[in-house]
Structures are given as structure tokens and as C-alpha cells.
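Each of the two complexes below includes chain A, the first together with chain B, the second together with chain C.
Right after this comes the complex of A and B.
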């Protein structure tokens, strides 16, 4: 445990320093990622205003709160895409990582955590600007809202990270996997609350997404921050995150040894 | 005439090489279908809550979406692959091979690559547009069809000019691909008519990256009334952008030091 903690601290430190060298590139990238939520926000804000103030309980202000929080959650949600596995396996890069005495997942995890530190710093001024332009309406009902949001944010990242890592393992058996991943990401876009808050979706869609991991990694942390959830709902959401972490982590632990045995570095 | 033949030869070579990877056709078809499906879901959600979006009816918005897919397909077939290759060549110094050929360098770097499987979007977009038009109450004559084609052509040329200028940035900035990231995401904003956006975004989409002219205007010439004045303005802006990007390209070229430097 202590050994892992040391590893994480060292990797985080070095990778934060190296990522800050690319701050301009990060900033451009961050700005590019702002367009998507702004488009959704404008469309739904317009509808809310034209429908006499609200759509399914969302006013223009709540939509603004939702999509501004969206920008943070989206950044915090970024994890290793399963496409990276294609690269690692095809080019044999995995060989080096397998030589190390520590599971490669820890290197990925600490790398993506370091990215968060860099993006939060760059995100703050952009969020301030969005706040000023769109005038969000958050509801503060309880003191625990902010710590619960932090926890949900972290839980969302870890859950998504584990799910995508587990999905990436498909690459060990199938070589042309991009279609599978595309489909996964499209379903995620629709059912996670990224395209619209799930409250906007028809009831049957909400019922389905209850039992899938997507909304717990994306829409749930946002709803916690916006203040549309009650205490028990928040507790339930955090529990669902834990369940999906266990499921994805369990699959990983089971499949990984078999996956590594399948792996034969090309040309190495 | 030489340039037309050049264009034709490059096109033929690209088609031949792309036909080696026929599986990519299905991969692309799958991707395009997913994107179209997502767009339709978003639109049906919008219209489950309202009858019109800032004055745009459903068939009108569907027309915008169709044009968005068509123009996006054209960009991904011709403009994007050539500009990506240009940036790569500048970064690696292999632009020498294009510059030393006995033809205009700008013409060569603009037509070297074609991703023909991306033309699927052209087909899908046309289907969406055709359906949207059949839902509209207005009847269309050959004049509006002609002005639609002109508007798409002008929009495409404007996007080409802006993209060329951004790519020429690679002569000074190594990571110029980051600009393109922004272009890509701003293009997504064109799925909805630019008039719905707040002023700062609307102006960006009109004058900085002319997506308003490339997508909204052609859709408007079909779905709403033909506005000759707008078309004339688009023509003027296209000529202006073509000239400016040409000058900027030549200016940038002087900063190019080549592979051995």
C-alpha cells in the first residue's frame, strides 16, 4: 500500500510538471471542448424560455447550472480510451509496461489524475466567463452538497476509468474494435446525461439508464452540484458508483491474466 | 486546364488506393449512421417539448441538419485530409516534395488526398435534406436549386480558405493541429441555425469561421426564401478570403526552411 502511494505521488508530480509545459495546447483543447455544452445550453435555454420558463422542471438558469457543471465533469471524466489499447497492442508498446513490477493500470491512473490538476487550473477562468454570460441558477439545500459533489466527481472518474479499461481488454482478442467502441460511446452520450439531462429523456430511457453505469459517471455528479437531488438519492448514486467500480474492477481482475497470456508483441 | 488534369489524376490515385481498404466503407457507414441517429434523437427531443426553435420549424431544422452533414462530408473528403497532410509536411519538412514540382504549390497541396468513403455523409445528408424539403410547404424551382448549389460551393471555398490560413500557422507554431481541434468542435455548432446563438458566438460562426455561410445560408436558400443579397455578400466574402489566404500562404511559405535545415 505504502509502495503504491509513493508511486502515485512521484508519478503525479513528474507528470504534472511535464503537462504544464503544454499549457497552451491544453488551453486550446479545453476551449474546443466548450463548444459542445454551449450549443446544448443555448438550444435548451431557448426552449425553456419559449415554453413559459421551464422544460421538465428546468429553467434557463438550471440548464446553465447543469451545462456549466457539465464542463467540469466532462474534464474530470476523461480516462484512457479503449482505442489506446489498439495502439499498445499493435505496436507492441505494452511489452515495456509488462516488464515493470507494478500493474500498468496504476501508471494510466496517475497520468490521468495529473491531467485533472492541469485542466482545473485552466478551466477556472473559462467557467467564470461562462458563469457571467449564462447566469446559472444552482440550488443550495444542504451543507453536504459540495463534499458530496467532490466525492461523486471522483467516483465518476474512477468508475468510468475502470469501465473503459475493462472494455479496452477486448482488443486482446479482436483486432478491429473501433465499431464496438463507437457504439459504446454513442450509448454513453445518450444515456449518461451528456446530451441532455436525463430528466428531459422519456421515462423508459430513464428506467433503462438506472441499471447502466453511464449516468452515475456523468449526470449524477452534475445533479448533485445543481441541487436537484435529495439526501437519499445522493447516497443511492454513490452506492451505484461503488457497485459499478466493483463490477468493472472484478472483470478486470478476472480477465487481465488471460489477456496478458494472449498478448504476443509483434516483432519483439 | 493543366490543373484540372492534375486534380483528376490525384483523385484517381486516391480512389485506387482507397479501394484497397473496402472494409473502411462499412466502418464509415456505421459511424455515419450512429452520428445521424444521435442527431435525430436530439432533434426529436427538442420537438417533443416545442413546436419551433427560435422561429425555426422542424422541417427547416431538418434541412439545416441535412446541409450540415453534406458540407461536413465534403470537408472530410477533401479539405481536412489535405490540410492535415500539409501540417504534417510542414512539421516534418517533407513539404519540399510538393514545392519542387513544376506547378503551383497551393494547387498541389490542396488536392493531394481524397477520403472517398467520407462521401457516405454526402448521401446520408442528401437523404435527410430531401426528406426535409418534402415536408416543407414551399415549392422549389430550378432557381433555388441553383442558388443552393452556389451557396454550398461558396461556403466550401470559404472554409477551405480559413482552414488553409490556420494550417499555414504551422510555419510558425509547431502544434498547429490544436487550431483544427477548435474548428472541428465549432463546426458541430453549425448543426443548429446560427441565429439561435448569442451574439458573440453568432459573430464567431459568421465572420471568424464562416460556418453560417457554409451551412445555415444554403439551408436558408432552400427552406426559406431565397435572399439574393445574402448570396451576393457570400460571393464577395469568398473572393476576399480566397485572396487573403493566398497572400498568407505565400507569406508563410517564405518562413519555410525545409527538411535539411
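Right after this comes the complex of A and C.
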């Protein structure tokens, strides 16, 4: 345990040093990523106002709370895309990681955790500006709301990270599978609460999304922060995250040994 | 000391998709894809002792890198046995990975944006090297490679030679017992090449590590390897001493003579490779060397005569040009 902690702390430290080398690039990237939620926010805020104050219970202030939290959740659940995995396998870049006596997943995990340390520092002033402009309306119902949000945020990242890593393993069998990844991301866009809060979606969409991982990695942490969920609903959401972590982790553990057998180390 | 690497009838076959050029063939391949089996490594066997440096030679596409990758556990063999330090590399057990390393001249392993010193720290954590041992080894390697304060510069700001030296330090911090070096001096200037060679020799001496080296620079092989393994078309052509390779494959010898009369024509004695102001180099069949030397001494006024084997590069080139013939 002590050895793993040392490894993670060193990996994090090294990755953070590396990330800060490109802080300006990160800032611009972050600003570019803000465009999407601001568009949604303006559209839904306008609709809410034109419909007499709310859409399915969401006021302009609730929408503002939703999409400002969205910007943080989006940053926090960024994980290795299957495209990066594809690139890594096609060009043989996995060889370096495979030669080390630890699973490559730890490098990715620590890299993305370090990325969050850097982006959260850059995100704070942007969030402050959005708060000032759009006047969000959060509902604080209980003391546990903030720790539950932190937990849901972390759970969302780990769940999404494991799901995308598991999906990336497909590349060991079919070298170029961008279309599969695109399909995954499109479904995620619709069923995660990224495009619109799931509460606004039809009932059948909400029913389907209950049993898929997407909303637990995106809409759920936002809903916890905004204060639209009850205690049992939060507990259920955290449990669903745990279930999807187990499913994706289980797939990884089962498939990885077979996947590595197929690695051709081309170009490295 | 026993063998650290044992390879027995190793085979690696790749399935390569194949189709004719053109749109019609491309559309056809959507429905029915043809594959061709390519045997990259064909039943090769050898062993390497602890502390031995072995040159692994062959032209591009001979199967050298494929073999090295199988020995390092990056590729699964199709059949045959590999034993490295008592482990099967393809199982990628942590205990083995902590004792081996691979350095590829065309592949960067250090983190690009941070000083090498920070990457070394990461290696310490990955290989769980005790702090004191890590510092001692790191400083020793920095000293051996004359890196000094260069390790404090971001890797992207280092020259190719400096980067390669930093790669070596990073790869050896955990004091591996087996080193796979794949073209480690490629693209380096002669000074950096020499330094890397001296460093590999020093590491080998100090830690009795086994080294498998592939290189297209024969100077690397001549400086470091008493023994070479030559493969071609995936088959083992030769395994033995470097001197034996010359003996076995050099069909010619070079006779150098210094003539008293620079205008004299020696073409009847052999093929003239060079002629400069009476300094003539003749290529003669190895079996006829003694007879031609006697004739030259008896028939021509010469002030000096030398007999040499051809340069190792040209022998290797000659071997590669031959059809693969298993020995």
C-alpha cells in the first residue's frame, strides 16, 4: 500500500510539473470548452423565460446552476479517449508502458488526475465570471450535499475512465474503430445529461439511461450539486457508479491479458 | 555463471492483410479479406551467459527486433520456448520486468517536457528502488556518461546524443541484469557513439549484465561483442565469435603492397581495389592467398606487403546478400 501511494504521489507530481509547462495552452483549451455549456445555458435560459419562468421545473437560475456545475464536471470527467488508445497501439507507443512492472492504467489515471489539478486552478476564475453573469440558483438541502458532490465527481471520473479504457481495448482486435467510439460519444451526449438535463428528456429516455453508465458520470454529479436530488436518490446514484466501476473494472481485468497477447508493437 | 537467456526453436508468425492495388480490390476487401502468413522468426535457438555481450546482426526485416521484442515480453511467440532469468517473458511478471530493460535508439521513453532528473525520480517510484540506492546509482550513471547539470534541462532541449545518454541513465537506474539494446547509437555523432559504447562496456563489467545489442554500426559490434548471432530472413545464419564470422564468410583477403615502381600493373594477380602512388590493394580469393603472395614476392619488386581480412562491414554485407542457409 505504501509503495503504491509513493508511486501515485510521484506520478502525480511528475505529471503536474509536466502539465504546468503548458498552462497557457490549458487555459485556451479550457476557454474553448466553455463555449458549449454557455450556448446551452443561453438557449435554455431563454426558453425558460419565454415559457413563463421554467421548463420542467428548471428556472433560468437552475439552468445556470446546472451548466456552471457542468463546466466543472466536464473538466473532472475527462479521461483517456479511445482515439488516444488507438493511436498508442497503431504506433506501438504502448511498448514503453508494457516494459514497466506496473499496469499502464496507473500512468493514465495519474496523468488525468494531475490534469485536473491544473485545470481546476484555471477553472475557478472562469466559474466566478459565469456565476457573476448568469446568477445561478443552487438549492442547499443538507450538510452532506457538498461531500456527496465531491464523491460523485470522483466516482464519475473513475467510472468514465474505466469505461473508456475498456472500450479502448477493442483497438487490440480492430486497429481503427473510430466509428464505434463516435457512436459511444453520441449516445453519451444524449443520455448523460450533457446536452440537456435528463429531467427535461422524455420518460422513456430517463428509464433507459438509468441502466447505462452515462448519466452517472455526468448528469448525476451535477444534480447532486444543484440540489435536485433526495438523499436516497444520491445514495442510489453512488451505488450505480460503484456497479459500473465494477463492471468496467471486471471487463478490463478479464480482457487485458488477452488483449496484450495481440499487441504487435509495430513501430516501437 | 549460467545462462540468463535461453531460446529454443522460437517461431513468430504474423498474419498480414493482403490485397491488390485499386478501388475494385479495396471494395472487395470489405467483404472478403485475404491474409498472408509471414514467418518473421523461424525456429531460432541460442543461449546467452550472464555477463556476455552478444551482437545480434541482420539486415532490415531480418527478424532482429521481433526477436528482441519477444525476449522483452512485448510480443507473444507463435511457438517455441523463451527463458529470461528463469521467467517466460510473455507472462510479463513484475519480478522479471524489474530485472530487464530495453533501450531503443528510435524511441523516446523519457517525459519530454520535464528535466530528466524528474523522470529519474519517476523511475525510482516505478521500480521501487530504495532512496539511498537510487541516489548512488543515479549519480554514478550521470558521472559515467558525463551528463552533469544537463539532467536539469527539459528533455526536449537536449541534443540527440544528450537525450540518448539520459535514456540510458533512466533505463539502468533499477540496475537490470539483462539489457536489450536496439540500435542505441543510431543517428549519434562518432563521439557520442564512442561514449555510449564505453558506457555499455563499463556497465557490463561492473554489474555482469547480459547485453543483446542490435546495431547497423559495425564499430559498435567490434568494440563490444566477442560473439555475434547473425539472422537473415528469420533464420539463424551464424552464432559464434566475431573472428570466426570472418573466417567462415570472408571468401577473399586483401593483399596490400608498396611497389618500388608505381607504374607496374598488378591486375594479373587479383582484383585491384585501390591504387595510390604505388600503394596497391588487391582482392584475392582466400584459398589462393598463399600462392599469390609467393608469386608477388618472387616476381615483383616490392618494399612492403600486408595481408588483411576484409572489413567486417563488407563481410556482413556479403553474408546478407547470400541466400539464407541455416548452420
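Going forward, the second predicted complex is superposed on the first by the 266 of 268 C-alpha atoms of A that agree within 3 Å, B and C clash if a C-alpha of one lies under 4 Å from a C-alpha of the other, contacts with A are read in each partner's own complex, and residues count from 1 in each chain.
As a working rule, a residue touches a chain if its C-beta (ideal position, glycine included) is under 8 Å from a C-beta of that chain, and two chains touch if they have at least 3 such contacts.
Since this is a predicted model, take the numbers as computed values, not measurements.
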item	value
First, second, both or neither for A:78, with chain B first and chain C second	neither
First (chain B), second (chain C), both or neither touched by A:263	second
Chain B versus chain C as contact partner of A:7, first or second or both or neither	second
Chain B versus chain C as contact partner of A:170, first or second or both or neither	neither
Touching partner for A:101 - first (chain B), second (chain C), both, neither	second
Partner chain in contact with A:247 - chain B first, chain C second, else both or neither	neither
Which superposed partner A:17 touches (first chain B, second chain C, both, neither)	second
Comparison of chain B and chain C by chain A residues contacted	B
Common ground on chain A, meaning residues reached by chain C in one complex and by chain B in the other	22
In the complex, chain A residues that touch chain B	22, 24-25, 28-29, 31-36, 38-39, 42-43, 46-47, 50-51, 55-56, 133, 176, 178-179, 182-183, 186, 189-190, 195-196, 200-202
Residues on chain A engaged by chain C in the complex (per definition of touch)	3, 6-7, 9-11, 13-14, 17-18, 21-22, 95-96, 98-102, 260-261, 263-265, 268
Complex interface listing, chain B residues touching chain A	23, 27, 30-31, 34, 37-38, 41-42, 45-46, 48-50, 52-54, 175, 178-179, 181-182, 184-186, 188-189, 191-192, 196-198, 200-201
Residue ranges of chain C in contact with chain A within the complex	14, 69, 72-76, 90, 92, 94-95, 97-98, 100-102, 104, 107, 109, 111, 113-114, 118-119, 121-122, 124-128, 154
